[in-house]
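Shared between the two complexes below is chain A, which pairs with chain B and chain C, respectively.
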Partner chain A sequence: MRIYIVKRLLQAVPTLLVISFLIFSILYLTPGDPVLLMIGSSETDSVDPAVYEAVRRDLGLDKPFFVRYVDYIGNAVRGNLGRSYLTNKEVFPTVMARMPATLQLTLTALLVAVLIAIPLGVLAALKQGSIWDNIATFMATIGVSLPRFWFGIILIIFFSLRLKWLPSFGIGDPSRGIVVVLKHLLLPALALGTSLAAMLTRMTRSSMIDVLNQDYVRVARAKGLKERIVVYIHALKNALIPVVTVLGTQFGALLGGAVVTETIFAWPGVGRLAVNSIARRDFPMIQGNTLIICTGFILVNLIVDILYGVLDPRITYKKK
Partner chain B sequence: MINKQQLIGEESLPVTSMWKDTVRRYKQNKLAVLGLVIITIIIIMCIFAPLFTAYDPVLDMNLKDKLLTPGSNNHLLGTDDYGRDIFSRLLYGGRTSLITGLMVAGITMIIGVFIGCISGYFGGWIDNLLMRIVDVVLAFPFLVLAITIMAVLGPSQRNIIITLSLVGWPSFARVTRGQILSIKEKEYVEAARSSGFKNGRIIFHHILPNALAPIIVTATMRIGSTILSAASLNFLGLGVDASLPEWGVMLNQGKDYMSLAPHLSFYPGLAISLTVLSMNWIGDGLRDAFDPQMRK
Partner chain C sequence: MKKFGKLTTLLLIMLLVIFTACQNTEPVDDPAPSEKVLTLGTPYTIDTLNPYKYSSDGDRYVLSQVMESLVEADGGKYFPLLATSWSNPDEKTWDFKIREDAFWHEGNEVYEIGANVQLKAQDVKDCFDFVLDPANKARRQAELANIIEKVEVIDDFTVRFTTLEPHAYFLQNINRQPIFSLQALEVLGEDNFSFYPIGTGAFKFSEYKPDDKVVLLKNDSYPITPHLDKVIFSIIPDKSVAAIALQTNEIDVAMQLLPTDVQAVRAVEGLTTLSNTSGWYRYVAFNVSNPLFEDKRVREAFSLAVNMDEAVDSIFDIEGLAVRAPGPVPKGLPGYTDAWFDLWEYNVEAAKNLLSEAGWVAGSDGILEKDGVKMSFVLKTPNDTNRSKLGVIVATQLKAIGIDCTPQTQEWATHLEDIRTGNVEMFIMGGGSTIDGLNYMFHSKNAEGGAHNTHYKNSELDNLIEQATRTVDSEAREVIWEQAARIIVEEKVHISAYYEYVQIGINERVVDYNPPNVWVALTSPTRNVNVK
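Moving on to the complex of A and B:
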């Protein structure tokens, strides 16, 4: 097991290198002169050539592409992702400062999705073909088809503007108590988590139906165990294994969805930072932001892979 | 004339083909049929938009009539912040969304199927190389990668199609590769190989036709998901020009008037949801119809 974890960690390194190379070259190919952006003048203005050269050298733009990439990676490993063209602040601390807000939002959305999906999926599987099953399946299809941003807007219109129950934007100040934080969190988490909830409901349902037809469930029933114990101890534990895998891969979708959700709810996370940086063409910020989000995503998938083995001892890693 | 009772075995059964069976099973699924009906109506209304509305979606501005509620003054669904007819903008905007969905689904299918075929059929180092590329693209969070590429290419309808195609083909490649891997072991493929057919002919004439079902299902679902992603990019202001009618753009404009005129956001979102929902229903129905055993 320990060998497997180390091996997976090492496998993540080339993936990260390729990803960083892609992000770096994508932005290298971008039209527009970063020097002019840094100086803050438009392309038609006349710029003092001495100043231009100085800034160019300062940004390291006079070096060849590969040297710049190697420099970038070398610095990135040490937590230096360059400075914003616009504010001249360091990219890494700026992005990391916004990370807690995004994690708070995505993890709550994940929790909301799990809390809705697992009971609903189990119910649908246990009463397969019943009206409950049909309602759950129908809701699940609608849930995947709703645009996250539209659902967010509808939630705001209904719960904030009409009923005035919940705030429509911003993050709750923790010093004002947990209730304020939760009130701010509820709508964005719901908007972000719904499509995941819908997808997980379908997964849980079909996985549960599979498991309930397995021999060991029949044995458990034949032994005379209570139905509750059969369902929740014997069946559900096994049914959750594929669900956990989907959770891992869907975390990336949540991060992407967070970009949109954060924009609607004026949530001060990395997603909104990405959109704002793109609008202002602040390339070091876009680069660093994307790199950090992708690294986080790969780490989460790694953790899920390892968890997978803990949940299901049948999976042995030796063969791989 | 043959007496029916004289026929024995299979001859007494009506002749059916795989496609006839598929259509028959598809028709039994009510939601799938409903989805097909809804999407047909939406497509017809978008193509023949001028027949359904008298207003131009961009040029008919009238600031005197701005933010009208639905039903007032001959505006079925009201007007937006420039006094443009929302119903008309929805119809013309649907053209953009549907074309984007179809184009991206088509492009990603062609690229993905081609790469999946090569990878699955030839195996070895080329399979390894192609699948590593697929892994890397899939290692990006989809929308985050799309946003980054859009930042580089700049906002336009064409760039949305390019971006979503660049990001979207790997899942097709995976589906196709999986199919090819299992089909290439079948006897009829071996027979074709021993008859001396060329690889290209074996892949495209013998294997691919038998791998089509999951590819078609993936393509159907892709049209829906592309419409969602394109609308997201447009909503973030990274896509088409804000004056053009497009569902995501309309939602973006609507979000500034959430309390004053909620209908500005409501109808474009409803249009997106209905379209995507129908595509998902159709995809589900096709999957069940192609392979009754896959139904769960």
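Moving on to the complex of A and C:
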């Protein structure tokens, strides 16, 4: 197992290198001049050519593409992701300072998705073809189809504006208590987690139906075990293996979705930082942000792979 | 099974907590019963609170509350802020008397409580010398270095600025530079200084949560006692969400409403909207270096073919959001005149005749062409709903006379770079809505490489702008400014579109906020904002 983990971590290195090159190239080719946005983005600004050139030189933007990329990678492997063009703050601590907010949101969204999807998926599988099954299928279809930004606004209009139950924006200040934190968390987590919930519902349903038709389930029933034990102990545990796989891969999608959700709900996380940095062409911040998120995604996938072994003892990671 | 029983109990507890949490919404902070808190929802990011490197409106809103400049502009007029008065011994000399009751904020790492460190003329000089030194990479270094020759201390409370030339907009230029403490910069270091502003203003910095909020507290030792105990800038990037937050009383002021939210806000009892004092100029521009638009007759024909009155009416169907612009100086600013309206006309036949006179005739596909070149181009617009609509309307009207114009909305950074580098044929833009706007938009030295780059060069225009800039007498300057603007209207470098009035949503419990302006301190000699 240890060798497997080390191997997977080593495999991450070329992946991150490729990702860093892709981000670097895309930013290089993207229109929009960071210098102009720094010194002359306002509609009442004029740009002094000497200042423009000085700032450009200062940021190293006058160097050729490959020199810049090699410099960047050289610094990155030493743990230096550079400094923001805009604030001159170091990228790594700036991104990491926003990470707890994003993790709080994405993990809650994950929890919301699981809490909705697994009971609904199991119910749909057990009552296959019934009204419950149809409701679950209908909700799953709707959930997948809702655009996140639209659904977020609808939630705000309904729960904040109409019912006045929940705040419309921002992250709850922990010093004001758990209730305030939860109130702020609920709508963005729901907005972010709904499409995942929909997907997981479908996944749980089909996986559960498959498992319920297996011989060992039939044997369990033949032994006279109670239906609840058959369903929850024998069937669900096995049905969850593909669901966990999807959860791992969808964590990346949640981080991607957080970009939109955080902007709508004024949530101060890495997604919002990414949006602001892209709009202002803050290259070091965009590159660092993306690399950190990708590293997180790789680690989550590794954790999921390890979890397989826990869920299914048949899966082992032996040296070939 | 016990395990699942526990799980169910846990889920029920969680649902109970969530249900308990679902009570009425409340303001961003829990104010003490007697505490007066104003919460402003700002759509702008707050990138830095460094007074010599700030860049966005969001940064400046906060800095204006914490730090003071020598003078301030409110309602289009200048008044002394850190200065008590100013005089001009000659046209190139500006003497400012400094307030003797200005003290640096206390209760921080730099000035402990009771330190009573006074801001003196030497601090003002040190601050400007620092900004003027290219080594410090201050954002406004080049701009100020082009104006200021030297700064001298006359006595403890008198500072003298000598300008390189007589400069009519000198007050405007120094007004944008807050006075900061070099001692604070030294003690805190640049990284910490950039997020812990220390000034002499009516509010002291308290807290900054990145992408979330900035909290300011009343400065009790400010000569005018602020009515507000606390000011919170909540950063809400989505303007429609800010409009909802205003309606749910989570914020008191939404700094910029979307036109689509204006009616909804006005319909709520206790809420109202305010317009900014001078409109933001929006225009359709030609890249006059492009062979299609070198000929003035072509530009004039385009202006004749566009029914701008109708376009503006259809874009802004709610009253008060915008008015038709006859020229590049917003209504209400010196130099504006209604007489420019006489220089615009909607006359499709005249447009066709002018184009034909310029050699443009319809080809077999109905599109105008000249010497084998088709009148076909892209009209680039920024991704702002109103200007995008304007692009579609203008393109449609031009198509009616055989011009193949394709509107294309693009992201702000791309748009800005395209204009700067000349990668545009016709474009829609806005700005220059300040008293020296013509200088930024049209003086060939400034326009080139900037956000208003039409490539139009006219030495007469440059001379008029320079002359106006040197004319300290405001009445004489206004006449010259009008002449300069008239050249732009006559030359049809722009098809002037409209002056847009930003709508600010506000709770009626907020008093003394009108005219709305957060660049001016909420407590200053001209206003002392309060909440009922």
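Convention: the second predicted complex is superposed on the first by the 270 of 320 C-alpha atoms of A that agree within 3 Å, B and C clash if a C-alpha of one lies under 4 Å from a C-alpha of the other, contacts with A are read in each partner's own complex, and residues count from 1 in each chain.
Convention: contacts are C-beta pairs under 8 Å (C-beta built on N, C-alpha and C of every residue); 3 or more make two chains touch, one makes a residue touch a chain.
Just so it is clear, the model here is predicted, and its values are computed rather than measured.
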| item | value |
| --- | --- |
| First, second, both or neither for A:182, with chain B first and chain C second | second |
| First, second, both or neither for A:264, with chain B first and chain C second | both |
| Partner chain(s) touched by A:49 [first = chain B, second = chain C, both, neither] | second |
| Touching partner for A:156 - first (chain B), second (chain C), both, neither | both |
| Contacts of A:294 with chain B and chain C, given as first, second, both or neither | first |
| Touching partner for A:279 - first (chain B), second (chain C), both, neither | both |
| Partner with the higher number of touched chain A residues, chain C or chain B | C |
| Contacts of A:89 with chain B and chain C, given as first, second, both or neither | second |
| Partner chain in contact with A:217 - chain B first, chain C second, else both or neither | neither |
| Touched partner set for A:36, first chain B, second chain C, both or neither | second |
| Chain C-contacting residues of chain A that also contact chain B | 31, 153, 156-157, 161, 168, 263-264, 275, 279, 281 |
| Footprint of chain C on chain A - complex, ascending | 31-33, 36-52, 54-55, 58, 86-89, 94, 97-98, 115, 153, 156-157, 159-161, 164-171, 173, 176, 178-180, 182-183, 186, 228-229, 232, 263-266, 268-269, 272-273, 275-276, 279-281 |
| Touch list for chain A against partner chain B, complex | 15, 18-19, 22-23, 26-27, 29-31, 141-142, 144-151, 153-154, 156-157, 161, 168, 205-206, 209-210, 252-253, 255-257, 259-260, 263-264, 274-275, 278-279, 281, 286, 290, 293-294, 297-298, 301 |
| Chain C residues within the chain A interface of the complex | 1, 4, 11, 17-18, 20-26, 28-30, 45, 47-48, 53, 55, 57, 134, 137, 139, 141-143, 146, 190-191, 194, 209-213, 234-238, 240-242, 244-245, 247-248, 250, 280, 411-414, 416-418, 420, 429-434, 437, 439-440, 446-452 |
| Chain A contact footprint on chain B (complex, rising order) | 31, 135-136, 139-152, 154, 224, 228, 231-232, 235-238, 248, 251, 254-255, 258-259, 262, 265-266, 268-269, 272-273, 276-277, 280-281, 284, 296 |
